[in-house]
Amino acid sequence: MTGIIVTDIARADQSTIDALAVHGVATVHEAMGRIGLVGPTVHPIQNGARVAGSAVTVLCWPGDNLMIHAAVEQCQAGDILVVASNSPSLDGSFGELFATALKYRGVRGIVTTAGVRDVVDLRAMDFPAWASAQNAQGTVKATAGSVNVPIVVGGAVIRPGDIVVADDDGVVCVPRADAETTLLASEARVAKEAGARAAYQNGDLSLDRNDLRGLLADLGIRYVTQGEWADGDR
Amino acid sequence: MTGIIVTDIARADQSTIDALAVHGVATVHEAMGRIGLVGPTVHPIQNGARVAGSAVTVLCWPGDNLMIHAAVEQCQAGDILVVASNSPSLDGSFGELFATALKYRGVRGIVTTAGVRDVVDLRAMDFPAWASAQNAQGTVKATAGSVNVPIVVGGAVIRPGDIVVADDDGVVCVPRADAETTLLASEARVAKEAGARAAYQNGDLSLDRNDLRGLLADLGIRYVTQGEWADGDR
Amino acid sequence: MTGIIVTDIARADQSTIDALAVHGVATVHEAMGRIGLVGPTVHPIQNGARVAGSAVTVLCWPGDNLMIHAAVEQCQAGDILVVASNSPSLDGSFGELFATALKYRGVRGIVTTAGVRDVVDLRAMDFPAWASAQNAQGTVKATAGSVNVPIVVGGAVIRPGDIVVADDDGVVCVPRADAETTLLASEARVAKEAGARAAYQNGDLSLDRNDLRGLLADLGIRYVTQGEWADGDR
Amino acid sequence: MTGIIVTDIARADQSTIDALAVHGVATVHEAMGRIGLVGPTVHPIQNGARVAGSAVTVLCWPGDNLMIHAAVEQCQAGDILVVASNSPSLDGSFGELFATALKYRGVRGIVTTAGVRDVVDLRAMDFPAWASAQNAQGTVKATAGSVNVPIVVGGAVIRPGDIVVADDDGVVCVPRADAETTLLASEARVAKEAGARAAYQNGDLSLDRNDLRGLLADLGIRYVTQGEWADGDR
Amino acid sequence: MTGIIVTDIARADQSTIDALAVHGVATVHEAMGRIGLVGPTVHPIQNGARVAGSAVTVLCWPGDNLMIHAAVEQCQAGDILVVASNSPSLDGSFGELFATALKYRGVRGIVTTAGVRDVVDLRAMDFPAWASAQNAQGTVKATAGSVNVPIVVGGAVIRPGDIVVADDDGVVCVPRADAETTLLASEARVAKEAGARAAYQNGDLSLDRNDLRGLLADLGIRYVTQGEWADGDR
Amino acid sequence: MTGIIVTDIARADQSTIDALAVHGVATVHEAMGRIGLVGPTVHPIQNGARVAGSAVTVLCWPGDNLMIHAAVEQCQAGDILVVASNSPSLDGSFGELFATALKYRGVRGIVTTAGVRDVVDLRAMDFPAWASAQNAQGTVKATAGSVNVPIVVGGAVIRPGDIVVADDDGVVCVPRADAETTLLASEARVAKEAGARAAYQNGDLSLDRNDLRGLLADLGIRYVTQGEWADGDR
């Protein structure tokens, strides 16, 4: 495995990042065309946190957190640390001491395919985490890895400097070059959804609002009564 | 896959449904003879909710929520929407806009073998959800399915109009025809458990209360001291 | 399966047990040399509980909780009930009535490879549980098992009288004979971590504090700029 | 759990069953409209077997095979034994002695959500099995269940007397009442596929044969060269 | 984690070990009283192998096979190498070169909670493997572990010198002290099963042979016709 | 999701690809520095196949194989079709008719994160498949996706034109630009392993051959006898 630490990654405009955080994961994912999700194996360790930041990426060996130590130095205010291991591992390679060091630097949270520990402390510190497990399992510092190289995190590729948005719905990655267009598309979607919300609060049906009745008919879907559906048990 | 929307399903008496909700999933499941459970893959997305309602069932294609749009129109006050896909999928096919439309109609919650998203909003709206995942993954509206046909949800078959009870212990389905007898059996069980609870609060042992000492002996179980159990390490 | 109930297990000194509880799972696990963990399949059912106690162990048949009934009588103040089944099962073999009986006896919590139910009540009673599932599934009382024999719980062997520590990071087992030395090692670790925490709060880097820069170099890890890393997309 | 053994189930015409076996699982599933599959958790224990038969269904308690003993008596030539447990279990509740008894009666195979054992013998006897695991774990005979009641097997409901078809692609259930129409639809599909196969062997494209180019265009899918797709790394 | 290599483990009598191999996993597991199984996560990588041997145990760090290198030297003819990692890992820490070295020493196979690779070669060499995965993932040689200490392998504890039996039904561990009694019990079971087999080949029913009809009645199980079971759809 | 079909992907030199196939997955993965693996969720559907080819990549919607139809036209002799869906799905989106069309074009196999069906036919045709499941579940042709864009396949990113090597140990991806250097490194590794193999066949130990005894000592690992290890049960 290549051992590389890239020191000068480019980041997106902070105000764009902060604006993406407001919209949350589901909206940003839709705005991108329904791509970019990490998927539900990496889940929130707390309820109600919503953050966005620039990815500082880490590729570790399973059972080893040496490269997280190296990555802390590469982090700055507004970043999110994103950790993957080169084969699956649920070990608790991240805990409260790392969170303390990252908080000092203004880092906004951690996303990891491995586990986290000191969960009570992370919640008390208000340092949000998305991980595959809560797991006390300790790790060693023995094997090479990389910092700020592209990594696979669940179903997504995350490159250093990409924008990571995370909340209770999961984690989404916005490629750095797409930050502005994704923000615009998110805002458009929010506006559209506001109209839909108001309509549904008044009892409108999405079948009508989205003109879906014709599609149902085209697909051959029939409306029947219980009685008409003689063969009712299937 | 048959495309059918059944429009006039029969429902159980609402007062029976409401009384079942009070007893909760574990009691109702026991009262039915330990059957009817969906099982732990479909878990509560919030803590402390307990609801019961008439099932409006939806069978979707994976990655597609067209039929949920069609199902909203079939829902009325006191219902619970129950969604399955015809092959496994964790996509977030249900979110806050659907919940808004369903709240208007008096629907009490959602049970789905897929994922839900906008989890923060669902909790804030007090619209409870039981799902296989919190997952922002969006879906399309392209493929036929059915509304109000029997569906397999985890280990249970749920028919339209069956009573679904859901709380932190999971989800149970009471066939509509069994609603009254299950309520009576639930009440009997609650009464019996009240006696057991009082006894245990006083230090009684279930071994004695349930006459289990004879069974232990019949099964050949021996009481030994650590010393007597020479071979103590196995 | 042998049917044995061992009645007079030895326990560790209660003050040692209580002191271990203060340190929590991650610290105790590290103090033992990174062993003894049950692992993340057995997870906390509540947030924020932290307990330690002497293990009273139960080996059940899947779908059967007869031996938990037998185990209650063997419990005393300061114990934790630890349950495994001889093949995997997620059934809800433990609930509020058992918790009531155990609270009377001063038991501090339950750790089980199976499921628990009546979760709302367990939380309200402040009786903490670590389990593989929240699951209403009921069980029978029909098949022999054992109480106070060594059992496999996730990745750990737990013997009767061992100290079990449990919190939001999972569950760890301290062999009874190692209680004192583990407590001393935990205290040493806590002291060491206090120093590290203070340093990190001041912006020190673990790379420096742990002298890791030399190791990175020995492993051939190079610091490069984005520009230098021509082949930057891998 | 209800304890019922239904003794006189109706079965489909044997020649129809045998004709369905020839077509195999994928074809029959398609012919039914893409429903009825058990799904890949229940997989073949051998390679190359393909059978169909009338389902004799068994609902067992986990870790218990009492009801399989009761079910043997209900089996006749041309049947397939189908076993589920009322909560998930991988125990090896079926092995060579059961297969011996069933072979005597002309039973064609076993489908089970639990495990099977004596796998070497089952293969040598040419008694095919579809199961969730190869697992030596033994079971008891202690708890009630039912024979010939509808059961949930993976994603399918199987009723006694339904036709079960099983091969290397999995297991599909054809409701008894649909046997004839499914056979006709299977034959039509086989004929249609023969034409497609011949065309593809000659180099025809399914894009053309199925008139899919228009659909691709309608969905907005564009053909581009590597050069045109400037942003080629996403 | 303790770093220990125990050099002079005691082994059972080889003729007893060889006799156990003949009986296979299911029989030996039953003869022990239905305990000792590793469980189906560790599965055979080939079909039809059946071996028994003395366990040389290895505890590795995840992603690291250093201790397997150390273990080879401790192996002798008739042994089986048994490997676990102190947190879950599917990496391919064992392959053809290790098998070559072990074959030279007369070792009979490998059982590992991790993965194996060079699977084609292992099959060609007739060196049987039971593992959690076929996985090319390479490992490092960097972190301490132990050889010939007790380890947890699936649901079983395996101590150095215990007898491991493995075939297509899985892996079972016989404690060294129980080798003789387990062999006798296995032989008794084989004799008993021969009688049962002959009876079933003649059409006898296990219901009668095991006197189970009374138990069915005691459990309240009723024989009904389809017609009598009015409520036939549940 | 972007809908793009890239029509003119660059491929590596065919003789290099063929030479990589000879070395197999484990060797190529090691030669690359232990990266590039898909991982064990995508496993071989047959035994003993070993192929390499240029990746033609497909990104499908779950439950939909429209884009595989589009991809066939982009395939040429020496290619391997590589399929992922944008959220997890085990549906059988690939079967014998696709294999027939691909064989005509000289395609060497299929790698898919979804399922395959017609498994008996695929084996008979000698068209090798690596998939997440054998599953008859049919799919629709309704939703847009892409052909020849980078996709995430298990833990690996595969770009169109990358070299995919697959055998019984799994699937590895060699970036096109690294084909030559990886081949050279593979050849070097094979040569080195030949020496090791010969040594091990003569009884040499890898501890000596790799100079690992010093490392064991540095890590504090001690050789002890059973007797010296008083506390022998841990």
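Chains: A, B, C, D, E and F, in written order; residue numbering restarts at 1 for each.
As a working rule, a contact is a pair of C-beta atoms (placed from the backbone, for glycine too) under 8 Å apart; a residue touches a chain by one contact, two chains touch by 3 or more.
Remember, it's a predicted structure, so these values are computed and weren't measured experimentally.
If you match contact pairs by residue number, over half of those in D-E turn up again in just one of D-F, A-F or B-F, and that pair is D-F. Overlaying chain E on chain F by C-alpha atoms takes a rotation of 120 degrees, rounded in steps of 5. One inter-chain figure worth recording: chain C and chain F are separated by 38 Å, centre to centre, where each centre is the mean of the chain's CA atoms.
Each chain gets a centre from the mean of its Cα atoms; for chain B and chain D, those two points are 27 Å apart.
Averaged C-alpha coordinates give centres for chain A and chain E that are 41 Å from one another. The set of chain A residues touching two or more other chains comprises 2, 34, 37, 39, 87-88, 90, 137, 143, 150, 233-234. Against chain D, the residues of chain F that register as touching in their complex are 2-10, 66, 69-70, 72-73, 90, 92, 95-98, 100-101, 104-105, 115, 117-120, 123, 133-138, 141, 143-146, 149-150. Looking at the complex, you find that chain F touches chain A at residues 1-2, 33-35, 37, 39, 86-88, 150, 152, 155-157. For chain B in complex with chain C, the residues that touch the partner chain are 24-26, 29-30, 34, 37, 39-40, 43-44, 47-48, 50, 167-170, 172, 193, 196-197, 200-207, 210, 212, 215-216, 219-227, 229, 232-234. On chain C, the positions that touch chain D within their shared complex are 61-64, 87-91, 137, 140, 142-143, 233.
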